[in-house]
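In order of appearance the chains are A, B, C, D and E, and numbering begins at 1 in each one.
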Amino acid sequence: MYVGFIVGLVLGFILLVYGILVAGGSLLMFWDLPSVIITFGGSWCALMVSYPLSILAKMPTYFRIALFPPRLNAVDLIITLVSFAEKSRKEGLLALEDDIDSVEEPFLKKGLQCVVDSIDPELIRVILEIEIDEMASRHDANKKIFDDWAGLAPSFGMIGTLMGLVMMLVNLNDKAMVGPYLAVAIITTFYGAVLAYLVLTPLATNLDSITGEEILYKSIVVMGVLSLQSGDNPRILKQKLVSFLPPPMRVSLLDEKDV
Amino acid sequence: MYVGFIVGLVLGFILLVYGILVAGGSLLMFWDLPSVIITFGGSWCALMVSYPLSILAKMPTYFRIALFPPRLNAVDLIITLVSFAEKSRKEGLLALEDDIDSVEEPFLKKGLQCVVDSIDPELIRVILEIEIDEMASRHDANKKIFDDWAGLAPSFGMIGTLMGLVMMLVNLNDKAMVGPYLAVAIITTFYGAVLAYLVLTPLATNLDSITGEEILYKSIVVMGVLSLQSGDNPRILKQKLVSFLPPPMRVSLLDEKDV
Amino acid sequence: MYVGFIVGLVLGFILLVYGILVAGGSLLMFWDLPSVIITFGGSWCALMVSYPLSILAKMPTYFRIALFPPRLNAVDLIITLVSFAEKSRKEGLLALEDDIDSVEEPFLKKGLQCVVDSIDPELIRVILEIEIDEMASRHDANKKIFDDWAGLAPSFGMIGTLMGLVMMLVNLNDKAMVGPYLAVAIITTFYGAVLAYLVLTPLATNLDSITGEEILYKSIVVMGVLSLQSGDNPRILKQKLVSFLPPPMRVSLLDEKDV
Amino acid sequence: MYVGFIVGLVLGFILLVYGILVAGGSLLMFWDLPSVIITFGGSWCALMVSYPLSILAKMPTYFRIALFPPRLNAVDLIITLVSFAEKSRKEGLLALEDDIDSVEEPFLKKGLQCVVDSIDPELIRVILEIEIDEMASRHDANKKIFDDWAGLAPSFGMIGTLMGLVMMLVNLNDKAMVGPYLAVAIITTFYGAVLAYLVLTPLATNLDSITGEEILYKSIVVMGVLSLQSGDNPRILKQKLVSFLPPPMRVSLLDEKDV
Amino acid sequence: MYVGFIVGLVLGFILLVYGILVAGGSLLMFWDLPSVIITFGGSWCALMVSYPLSILAKMPTYFRIALFPPRLNAVDLIITLVSFAEKSRKEGLLALEDDIDSVEEPFLKKGLQCVVDSIDPELIRVILEIEIDEMASRHDANKKIFDDWAGLAPSFGMIGTLMGLVMMLVNLNDKAMVGPYLAVAIITTFYGAVLAYLVLTPLATNLDSITGEEILYKSIVVMGVLSLQSGDNPRILKQKLVSFLPPPMRVSLLDEKDV
């Protein structure tokens, strides 16, 4: 994921520059500091009105998550859970205590700890599902910041263009300057569109699909941990958990009998 | 939240003024009273058709809430609830009676009072959940007023521009006046866009995120109060409530064993 | 509600007229019968294709409801229900029979009648909730007619403008007439926008908020009637019903102890 | 419904023709075969990519349904169900066997047959509700075809206009032809808008409201049939079923006592 | 489905070419490599930012599914399930073991295997429903890739047009080149619109309707398999399953008695 994200972003800008140069334009035509300030600065100000600073301060974190998404391997998780089920069948649930230390993913660790502590199954379900729900709604809220910015950027681009148009129309006498004036006016809309469609909207989509994977992973954990506690047959546990996966990913998990 | 809201609003307008001045324009070019009346007044009239005056009269209250949002500290709430659980374990639920007076947040107070009055748990849940649901739908309705205005403002901006265009086109003979006429026509669209994208839409988003925090806070209260009444172990209560929080906020609440 | 609705509508049109006159235009510039026919008539025809006449015939009723909304006072309702609870506690449910006649609101009347007739509580709930659900979906459908019209009006405005543009472009020789032709072409879009954004969309919003109040009122009735039948303590009944209200409206209902 | 549908469609086109003729245009200005092919043909091709031919082949059926909607009279249905309830109270459920033949509506027939066959109530509910759900989702899918076409038509109109603009701009030398060229370019957008806003969107809305009526009718059947089987008192059955109707339609069903 | 998909796609492009040639244009006017790179390449880069490469790599698979959709015949499925019900009634559930090998559809095979293995019915339901839910959400996510691209393509078309406008306006001196420059600027918007409205949006709709059929098919399997296990009467099983079908498809399944 890491590579495609960076390549897409960099290549996207290179293509735009190529499009300008090949048509005989120059990059200087597309640089106008006041336009940058109106589009980027203005939409950022609207974002400050929309969200408390403590939340906006987390935006770099979310950019980093898109760059280095957590590696959640559902196949490995199922293998782990099935092996735990086999072990606990032979040696009892408490035998899992030693394995918890080797588990790194905190959500799975928490679920297993609850099982070893013999907490009531319904309570485990409540604790884990609240955690998934709240995680999902937090991530949705964070993703929405980028979506909102993606909506504000072209709007401030348009505001900048309207400002340029008004000033141009008032000074319509100087015909020679109409073209350059209009060009500058249009640049804010261009800035807003590039910021929204090349950077912010794709970033929001990206965060959304990371959240989707995390929810899938944690749903498997919940079902696995509860099955573990109720002492399900490992083979049936595998059947249940495998249903979460797309068919091609099941191949590595199932031997012929299971298909 | 207070600071960012004001800074965003003020800085946003300063940036627009800067954009005008740096391009050699003057603020006077962007002031036209009839345009103000059409865009602001017209969209406000449409709002009066949309909502009863008694509801519109509450809009300043909502502006004030965005400026001075209620301080709802979920971490402190959990600490309080856990300490109550410990106390009630030792001294019984009635021992909480004295603590209720020191609680300031009215929703938590109401919930605790219900517990001390030994009201039936299912009834407590109903009373508290109706209150959350109705609060959420009331806040949604109030936020929607700003959203609706944000939709009407650019529409009335466009209506003003269409009016200006018609008048300009009928008087097309006077070529010298076409530019200034068009400039004035475009100003209503500019007003509508600034009102919508710098003020109203961000304000509605802001109110939405305040509501989200309030729902989270009150959901913790409901689960905490009901656990208190059912005599849950304080350690398990903490586990449950902590699931509502984002992982970084849990650190201060959990000691090593709990992680 | 009555006053704001009419004032908003009338004042909105006055502001538009003012905007025209102050800019040196005349109302005659904005009157063109064929444009009226295309925009209003055309969008009305599309509405006739969308909905059976029997439903469209009810539109004036909905306009009247927006003008004279039903007066549903939730505070009075709660006071009534609590007084009924006190009476039935002392004198039995049948004692309410005499009070039913003094109740005017038909939904509350029906609910109380069911109680006095000792109909099974689950059945009362079903009957009353079907009525609320069907009322809500009927009102939604009716509100959608105005929303649909609000979407069609600017579309037919645009169709009229496209027609005007085509005719103008074919007759481009007569330069002197281009301006007036274009002006007329734009007028249909202007008509569509005013119809949609000053009249229809606000009217639909208005109907929506009336429905919201009615649902709230009837939900209080359902919970109140069922509590009445199950013989709830009047003080607890008040607690339950008060949860439906916004905090400021509770003040008049609760004495110090209840807060 | 039949009359309004046809009148709306025909009158809509007449109004557009009137708008053209009264402005001194001619219908020939608005006829351009290649534009018809691009807008209608192109959007139809996109529809063929969207849906299998077996589904598109059903579109005339849906047009016919909009013209001749099924006559589902909820008031008559309730009268029938109540009379069945009275009969079965006196003579037993099996006495209804003879009445089933006189029932024409297949859904009611099926429900009554299930009752007479003494099928388990929960099973009857499952069978009938699956049928309603699947009917609703099928009708939604069919309605969506018209909605999708209504979205594609203006898009292909715009594609045609862009094509015309490109060709006109390349041949900008011949100033005399710019107007007519532009006129033809704009015609595709006009075609797309008329197809979408006068025909397809209203047709989709129409189908939607027919589905709504059918769902209401069948929901009454389900509740009626199940009440019949459980031997509900006819008066209570009437109360239940009447809750589905809007208040004005209840008048004919209820005698004074019931109100 | 196969034929219509290809015919729609090919015919759509032929119609656009015809529209160009009949208007006296040439295909060369519509070919501009830098515009291709900006619109297609730019929107593809934004897609790479939005989704990990491992997911984008599956897009050809989804294109192939639209071309060769799985043949899921619900009528045959019901016939098969009813015949299994008859057999298992006479010879017991284990008699189905031999038939499983002849079943090709993997989901039905899995369900039958579970029945023959006498897995607990609630567990079978959980396993099969998780599989349907996860399949639906995976297919939705995949379809959304095409939807997102369909949204990005016209946006990058607009970005290209803005770039062309800026460059044209800066070089406004050379009046002779304004037309051709503008023509090239508009081509990117044309490319974006054709890509979105002729290819991507219809493709996404197509995948959606394939998913809908698959969910219907698998829902019938779940209900059929569970009925099989609970030993339902084959005639009642047929009644239940037939409720999933549209009325015309039922004819072949039901003999006179069943109607």
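Note that a contact is a pair of C-beta atoms (placed from the backbone, for glycine too) under 8 Å apart; a residue touches a chain by one contact, two chains touch by 3 or more.
Predicted model only: the values in this text are computed from it and were never measured.
The chains touching subunit A as well as subunit C are B. The two sequence copies subunit A and subunit E touch through a face in which the numbers common to both fall below half of the numbers used overall.
With centres defined as mean CA coordinates, subunit B is found 24 Å away from subunit A. Subunit B and subunit E have Cα centroids lying 39 Å from one another. Not a single residue in subunit C touches at least two other chains. With chains as nodes and touching pairs as edges, the resulting graph is a single ring in which every chain has exactly two contacts. With the ring opened at subunit A and read toward subunit B, the chains come in the order A, B, C, D, E.
Residues 34-35, 37-38, 41-42, 45-56, 106, 114, 119, 123, 126-128, 130-131, 134-135, 137-138, 141, 148, 152, 155-156, 158-160, 162-167, 169-173, 184 of subunit D touch subunit E in their complex. Subunit C contributes residues 1, 3-5, 7-9, 11-12, 15-16, 18-20, 22-25, 29-30, 69, 178-180, 182-183, 186-187, 189-190, 193-194, 196-199, 201-203, 205-206, 209, 212, 216, 236, 239-240, 243-247, 259 to its touches with subunit B in the complex.
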